[in-house]
């Protein structure tokens, strides 16, 4: 028995030595890919990381990578599970002798778990369109980025859109808006701000919690049926979304007055609800469909050649995949910005500086072929979000596709700044963070914070 | 062994489960230091009687007085603390433990150290373990269980399990010992051993014994006092000789109808 | 023939009760501990510390706690993650809201104690409810814990989703400053967890070979018989809940403090309870060392699988395929283990050891 | 404020309807527990697997009347496999081991169904296959106010459909147990394994049958759940709610499962709305049903309809 253990041990050690990674070739940059292709949230994971991989592959094909450096990556399955995500992070910090440039797990839990660790390791943690809102303050969280919009932008934009539907913000007065939120800290985050928004616009608001996972919503919709709100804002996640639509319709609520947030806007959210979802509207930073030339290019050069990461081709142009392409554009743009200052072989701290100095305006987006897909994003030391704008889409059941329902709408950045600042102060006080001074050019431009 | 004052008084006990009456107005006394046998055909209510005495069942009416304390509504543990130990009809050993551990559980009432001391393995806890072990070793020697200390009880043959159970009861140093069919399913040799143990326990430690047994020859040989139950009622109570000549008892055993 | 007991005779009861009756075991254990304390922190990379050793220690503590309750005392529980949640949140709040002199080990003990008391409250129904029926009480604990900390953001210091646990919580009596060591480094966290886990495991081991442990097992095997021979059944059950939840609480706190470095509710969802239950089943119900064997296997199994997917098959399979196959294998492993050896890895190991003792002459 | 009786009735009705959904799952639990004493933790994943199989088949273009028997057949094969490779080798082990084995089985099925199918959320609209007025997606609700003026409560037609299906299923099960030979041998096995074997009832065949029947029940329950809330992996967790249901009912009683389901359904809705308002915090539903079950169990430790066990020593 003992001998057996020894033999196994030796065998394993040999195996490790034999399979030990060869030293990586020069001229490559490594980006870890903490995917989730199984589990309840796999739709999000396969779409998002599929989009990123497709964009990276395209860049490798057409431009030989990024700034002349070939992009390589490896996958680690996180299951959307915090603990596995952390393991993946530590495993993927380095690959074939190359350090990771940044880490983008598309998970609130994983990314927030890594904020402090990322700072220690000088690796930027990316959370597109989500995450700790106070992370917007780059002086407090230098290694944390949430390009796109934050929770508060999301809800101020939704309120603005409801104003548009009512024919002007002044018409919001006297209306009633109900927030139906997922029973998690993610869901709860918007409650306070929804009340603030309604206070500002003289509407009345209430918040109703749906316990996780949200596949039983009878009592919540009975409450809604009693209180008769004009609009219900759906802050859902996963299965809670289709169930809300089905239950809502079953209880006689008009679906067109149900407005979804940024995590309630996928095909996977509306398709299971069937015809109930017809006319449902939701916010998005990245309209779905083949809305930009870069997507056509991916289809033409990858999928038409039998390549591409998605197994199901019909998901090209779907929400999560488009979000992935958008993330890919942002990622590589950050690398390019860093390369422009530091030369092609950048490290993670330099890429962090790249993320902090993004300037994706319409001209640049057009150049990248991403205009129409990616919102304008301009980050700086004090603002790690940068976009603060979104559009709306409407689901057309008969054609099983989303149609764009609005133009870009800006978020109410002034209203949210106070809360964000307060939360950032709290973090400074309790987490032992020393913020840097963004007004001091030396501190601002020092990439290795 | 000479009979002394009554140590256990059973007074008009009635016990029913749902509609079935298991015991019906039973009364008898057990004197200090005697061996009392409770006999009767299957289903007579013998085991129920023992369960009432040891506090497992609470009777609907009547009183159980043990050492001049009313035990009718006391919990099994409280009764055990008064000095009563017992064995069970269907062996109730702790199957997941070794022989030694099983017997050691019998010393549970002698433990004074707290669980924190035990967890830290300091002072009192350490001393007690050794003391208890010594007491257990005495009983192991007395019942000839030396070779199987570390054996899981589940792996022992039936007869030995019965003996381990007896050991567990004995290490508690009881004043009164209840034995529920200690010899059932045993061969002659084992039965002899078992009855010897009973007599020795009675003689050496002065322990009062109440036992349920089917084998008449054993009962008549070792007991000072016999109580006969039939269909939940007492039909006989006296010395073995009196019982042998009791008409009702003979009928009950021979199945004669009146 | 290094492994023998021939020639070692037991001459007193104290000796018979020793933790390691076989000298080889004793030396092996001592060597192992020395290795863990003095060698590992110097040779292990951050990855091995942060992603393997520390989580195994944290999980192991919780698994040990569950094993004390389910394996030793026979009270089935699905609320482990809930109790871990209580422990983690209490530790954080104690650290946050106490004066300077408070330090992490003390806070862990305090939080563990409070969690233990909560365990008693949820354990109370065990007086009347037995077997599978008791699941409902522990499930209530699980969901109540999640709901409670979600609904009262005070305990999360009003943070969004998660709180990053600050490094200064790790400093013990100013050691960090005095000796200029990083008390929040993975090495320090590892040593802290190792110290706590070793102490707790030793405590559990002692408890199990004492009267309390025998009471636990007696209650598990047959609680009526236990009460008849004078074991205080209710007190024993409550004690089991207390001790178990103490361990789970400390495990939960270590999980957040030493491992994840953030505190959040999602960490303690239902799945975590199952995961720890598997650790205990696979490791061996009722075995202290088994809790750790099980933890290692359950934790490392999927990682090993995905590692194999990466290096052996060079990413030829989708991570989804690898992960699903791992799940299937894992399910089969549990069933097969239950069929072959219900006692889990600990029992397999014991059998192996038994064979080794007499090797090479089995008769 | 006056107490809103109409709202109360509406919650009550809504609760009853969701209670039926819990009962549907609980019945499967009870069947297996009754026949083999196993607390089948894999019930939830079985439900998911069955529904997913059906949904993926129909999504692949297979017609309803083919997909249904194929899925049923799959579940029957599944039952036989479980008996052969799990139940038989584990036959003499402790109930705890058996419980653990079903937990292992749950993981296995979870991995397998993701491997075979996928883990996305799938919708199911029975109306696409069955032309029933009750399933019409356009007119899904009945407003009682249309008939009784002061009674503004709403009833979902689909819930009525679910109730009818559940009722039919119970009726069929009752007939099966009382009238058929197989059903009777099932009952005999549940009373006493050894005695049943002694009179020549083939234990392994009966167990295989129970698992197969449970699989079919899981399919039916799964389809209804799918129509109501869509098929996804979170179903597994929702099914944990069936636990308090069967515990209230008493583990061995099918009527108990129904009554338990209704109690939990109504209880948790009432708790969420009234108790939640009282203490000003929402989301009580998540744990409230377990507390209801606890309260019931404290008064009746073996459930409402469970057999009262007399402990013998």
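Structural remarks
A, B, C and D label the chains in the order they appear, each numbered from 1.
The criterion applied here is as follows: contacts are C-beta pairs under 8 Å (C-beta built on N, C-alpha and C of every residue); 3 or more make two chains touch, one makes a residue touch a chain.
Everything numeric here is computed off the predicted structure, so don't read it as measured data.
Chain-level centrality, scored on Cα centres against the all-protein Cα centre, points to C. Relative to chain D, the chain whose mean Cα position lies farthest away is B. Annotation: 41 Å between the Cα-based centres of chain B and chain C. Annotation: 72 Å between the Cα-based centres of chain A and chain B. Chain A and chain D have CA centres that are 37 Å apart. Rounded to whole angstrom units, the spacing between the C-alpha centres of chain B and chain D is 48.
Within chain C, contacts with two or more other chains are made by residues 147, 150, 222, 224-225, 228, 320, 324, 327.
Touching two or more other chains at once are residues 38, 42, 183, 211-212 of chain A. Along chain B, residues 56, 88, 92 each make contact with two or more other chains.
By the touch criterion stated above, chain B contacts chain C in their complex at residues 54-56, 75-77, 80-81, 85-86, 88, 92-97, 101, 104-109, 111, 113, 115, 118-121, 125-126, 128-130, 132-134, 137, 168-169, 172. Note for the complex: chain A touches chain D at residues 38-40, 42-43, 183, 208-216, 218-220, 222-223, 225-226, 238-239, 242-243, 246, 249-252, 268-269, 271-276. Those residues of chain C lying in contact with chain D across their complex are 76, 125, 128-133, 135-137, 139-140, 143-144, 146-147, 150-152, 222, 224-225, 228, 270, 274, 277-278, 281, 285, 320-321, 324-335, 338-339, 342. By the touch criterion given at the top, residues 39, 85-86, 89-90, 93-97, 99-101, 103-112, 114-115, 237, 240, 243-244, 247, 251, 281-284, 286-287, 290-291, 293-294, 297-298, 301-303, 311, 313 of chain D touch chain C in their complex.
Looking at the complex, you find that chain C touches chain A at residues 3, 46-47, 50-51, 55, 96, 147, 150, 153, 156-168, 259-262, 264-267, 269, 271, 302-303, 306, 310-312, 315, 318-320, 322-324, 327, 352-353, 355-356.
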